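Please find the structures below.
Two complexes follow with chain A in common, the first pairing it with chain B and the second with chain C.
Moving on to the complex of A and B:
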């Protein structure tokens, strides 16, 4: 018989103190952990944090929404959240199938840091930050900085993700998420587009955030397009001619088993145009 | 309604598939693939594996007495490595990434895998012939033992009429080059088996297969045993579709059980492939390239057909020469063609072998023939239905191989039935290819397409086709109960139910009074394979014969009265090597389909809103099962036409996972399937039954291509029609 260290703490303090003392693989919802180990005996020490109930659930303060690290996609899908979270909730419904949504957690999606992670583009459009805790203390990092590269994150030794923080800035804004794959569901994205667009009572766009996933090592916000949108009226005919190819210059899609890079560029433009049209019609 | 025989067990989970069988004293086997598309084995050292704790035995090529196998001819070593040299095939050359190198048998699967990882192997890499073109141009022969100076090892010809006269008569000529793709069977149950020495000393393999006796013979040949020393038994089978017609682990597991027994170890061995091993480890529907020309007069009458067909056979023949033959018959379409020249080639490469898959060459042929016909209709400004009816094969027609079609040609009837149903009104659904992505109306184009097809029933080209059954009748004055013994494989299609129904019909007693003993070479005869849409047709005839024999004995007073019968259908012929003349088949099934689809021209997503399938089944034995076969075939055809994109690079499959090889889900399949079952009896079928289970797959892709053209004005010559490919096609051909 082989034995591996397995620890399942029931509170955050004991988890952090265990975590400080060794090299652990963190197990939360398990939806990435287990598939990566099919057919291989478990060899590394496992810190199972799925029992840390304090890290589960959504709460709201005067200036932010706090989504606990272990909040499952099914919880987010069903949560009573303002319109700006519509994109995130649509994404929650697209993470794997029902079984995965019932187990997979928001922090797991971020820490796995797949370029095709469904949760990342909508969180980027919400200007989300990641709350990290270690025995030494706590820090909060913008999600865009937390994701440092292809499947790479800014997580120091001994640190656990404890929450995702969304500032209460544009709660009533229009929000959308579109995922395009070769199949209707249970599919890895070819491209994803998330949008959050706020307009003033006259219909002038005050804030626009557009993020694209699966077209670069890390999902990206299209800041140039966002600034062109700001100040325009929702019914401005110019919106129909946005975006154009040069707005996608920072993207670096690849040819892979799912689609060609050319297809990804074209589909990204289509998805953004459709979101802008939905926004125009949303008033 | 008759309850499906295997229904309750499968619904409750009680049915035992090969991987469900558990014995306390199991040993576990890990099959090691060579992982070399083309290489010569320089050195194999299994001693480090023997040293791994828990490893019991390692099977190598030297343990296979006659190290060769193959369903049609034996061109594949069972295991790669220095063998006994009782085969013409070079045993030390790997020609496919999933050629098998050795088998590690251990106390548990972890030890078997650790043993596999410890094996030391040295290869000399050989040039990889990764596709048809590379292989045709290469001077490297993959099977020099066949004495040919080309890797195009099988060539079929048709020379009918006067092709030059045909072209001079043609007012319209349609030309096209078509690329048809691989398709993976993706049956629910990956390969698994157990092997042991049974109570009568027979080496026994319990596995999911399609033809017990064929498995038995291939094992016996490789192990140099008389067939009666080998037993093959099928537990519940989780789908097959042709993918279990060739050997996967049968021979090596039988050899392993024998090797252990020789050491005095009499323990059962189990083996189970992962999905990835399954996708890499068994053959596929052939990919290929077909160049075709079709000529017709202004009045629509076809006057000439030419085609050059190339199928990628992969490293070994499997059933490629037979699949090629069927493509050869189908590529001109089910029409009266006075003048034809067709050349078809199977080409060895180092890619995954092509082999049997529902339709067996007919889907590739129909994709070409029917797209050509739809283009012709457009060029003639003629209704595609009228064009078909004008040229359709009928009773008395000569087929493409200059032999009269077997009687009961019902193509005109299925064409009419599908066309009439399509003329009714209907509403198309909202195009919704992705849950969060409803298409915008302005981006949707809608179209309708038609295609029809035919497919042989039973084995072709002179194969000694047969089917055996035995029936025992019990009772005094009246027959009170009966037992049917039959080898037929229940691969999920419902054959065990249909055969029992036919036995009850033949005897004239209730279904409940018929007991059945199935799928064990120890108790049943040779059923032939669960393939070629033949099982109901052939088995029904064998049961009718067995019941007649048993009834004679019953009338002579025998109790119980046992009747045995071997049904042999009319003989078929191999085709003439020069002209292709000959009678290749004894029966056919006919089908026609109409597809209505919507396409999003900004994303390339296709949604099939409705498909009408008119299939002549001759006689319905069990309506639910027959409708299930039609719907299943269409779903599988939908994957072939649109979503399933197996990718092979440098002769290696790069997406051997169901997360990247996308079979259609419930929201992807046609929103509505309207099944129309015609019952024009096959004169030779039992109760008029026709084979029917492959036919709905045959014309579907061509109907989709036609509907896509109707919607967009663009012809597509390559499958599958993934969003990426569709959009590229639309971009290259602006509306």
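Moving on to the complex of A and C:
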């Protein structure tokens, strides 16, 4: 029997040079990797990046938060982050149970690029970018451009995700994450909604960001709804009637075993309304 | 590939096929069959062990990926013939029926109590959401973990429901 190639570099430079020189499958926390390979033996060469400690952890600079690619959900859940990250932390606490949170990484979630990936909507509302490195150099791509389609990402050969970058724009904003599954525990989302809403001291909404996941091949920001919210007072009664069905026109939910498309539309409206109500009550 | 790790305080290791899963290494190479395999899809939690202080699903880790790690399995919990408080809780509060999920459930509970020594019922239910049990309906598992949590804080566990007379 052929032995499987396995490489576990301990620093980024050696990982990138190995990656440039061969065809490898990247393994991080393995929580998407293994379930995708059940029932057939592992045959592809594995580049295990889980030992690249330099890619783990959250740091802050003058203008951005840098979440290392290997930062696990458990680390994010426990991290001391400003209110605008509440949605991301709520999502972290709902990813697949303690064991999966202890292994699964933020970059793995983005690279797997499931329409139901819980990390994606909160990061879209944070205007996050993805930092990529290869032996040839580094580039930074907005998350919305990194996700190119159903389970497709803009990752060139030889490239690793090294970090998720969140600009320091609306740190003190209200932020929420609502996930609907068929039960409370350990489920794939039927719909999830992430919100970041900033209001000035008078209560006027200055910035609103709302992203919906599991209702389109790639999670989407509802830009029309966002611009309608801007300029309104947090207690404006009009908020109680938002959103309406036409705000969801760009979504394209499917019928599947978890729910029908119609149900997903209805659930999305409900989850957004709940988040808006939480926002109104948050002052 | 050569690996060296610590399992239940014992140094183990040797030459290994890189695709060996940690759960197979534990069960077949080390003969520690207390760690169960339920699904091998990273879902059921029966294979939960504690790796460097955190509960993980050992069907979702390559043994070579555990090189250098410190691992605790269900066999490592009891000391000098004394059950660990979580094991005692499962015994005292009937936290198991067929027992298939039990080793993984106990390891998840040990990990939970290490992080939070006084979890609420809701926190316990969230703490074991990565572990499936098809027998008990979870009720007595929650009671078992409440028992252990009281014991580990040095308190008297609440009496069992069947001991309480109206």
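By our rule, the second predicted complex is superposed on the first by the 283 of 283 C-alpha atoms of A that agree within 3 Å, B and C clash if a C-alpha of one lies under 4 Å from a C-alpha of the other, contacts with A are read in each partner's own complex, and residues count from 1 in each chain.
The working rule: a contact is a pair of C-beta atoms (placed from the backbone, for glycine too) under 8 Å apart; a residue touches a chain by one contact, two chains touch by 3 or more.
Bear in mind the structure is a predicted one, so any value in this text is a computation, not a measurement.
Of the two partner chains placed by superposition, only chain C is touched by A:99; chain B is not.
When the two complexes are overlaid on their common chain A, residue A:50 makes contact with chain C while staying clear of chain B. In the superposition on chain A, no contact is made by A:77 with either chain B or chain C.
Within the superposed three-chain model, A:185 lies in touch with chain B and with chain C [touch as defined at top]. Using the contact criterion defined above for the overlaid structures, shared-chain residue A:42 touches chain C, although it does not reach chain B. By the touch criterion defined above, A:258 lies against chain B but remains apart from chain C after alignment on the C-alpha atoms of chain A.
Contact with neither chain B nor chain C is seen for A:209 once the two complexes are overlaid on the shared chain. Overlap of the chain B and chain C interfaces on chain A: residues 38, 41, 93, 184-186. In the complex of the two chains, the chain B residues touching chain A come out as 110, 113, 274, 432-437, 440, 602-604, 643, 645, 647, 654-655, 659-660, 662, 664-665, 667-668, 722-724, 727-728, 731. Contacts from chain A toward chain C in the complex involve residues 3-6, 8, 27, 30-31, 34-35, 38, 41-42, 46, 48, 50, 74, 93, 96-100, 102-103, 184-186.
Of all residues in chain A, only 38-39, 41, 90, 93-94, 177-188, 190, 257-260, 262-263, 266-267, 270-271, 274, 277 touch chain B in the complex they form.
Those residues of chain C lying in contact with chain A across their complex are 1, 17-19, 40-43, 45, 48, 54-57, 59-62, 64-65, 67, 108, 111-112, 125-132.
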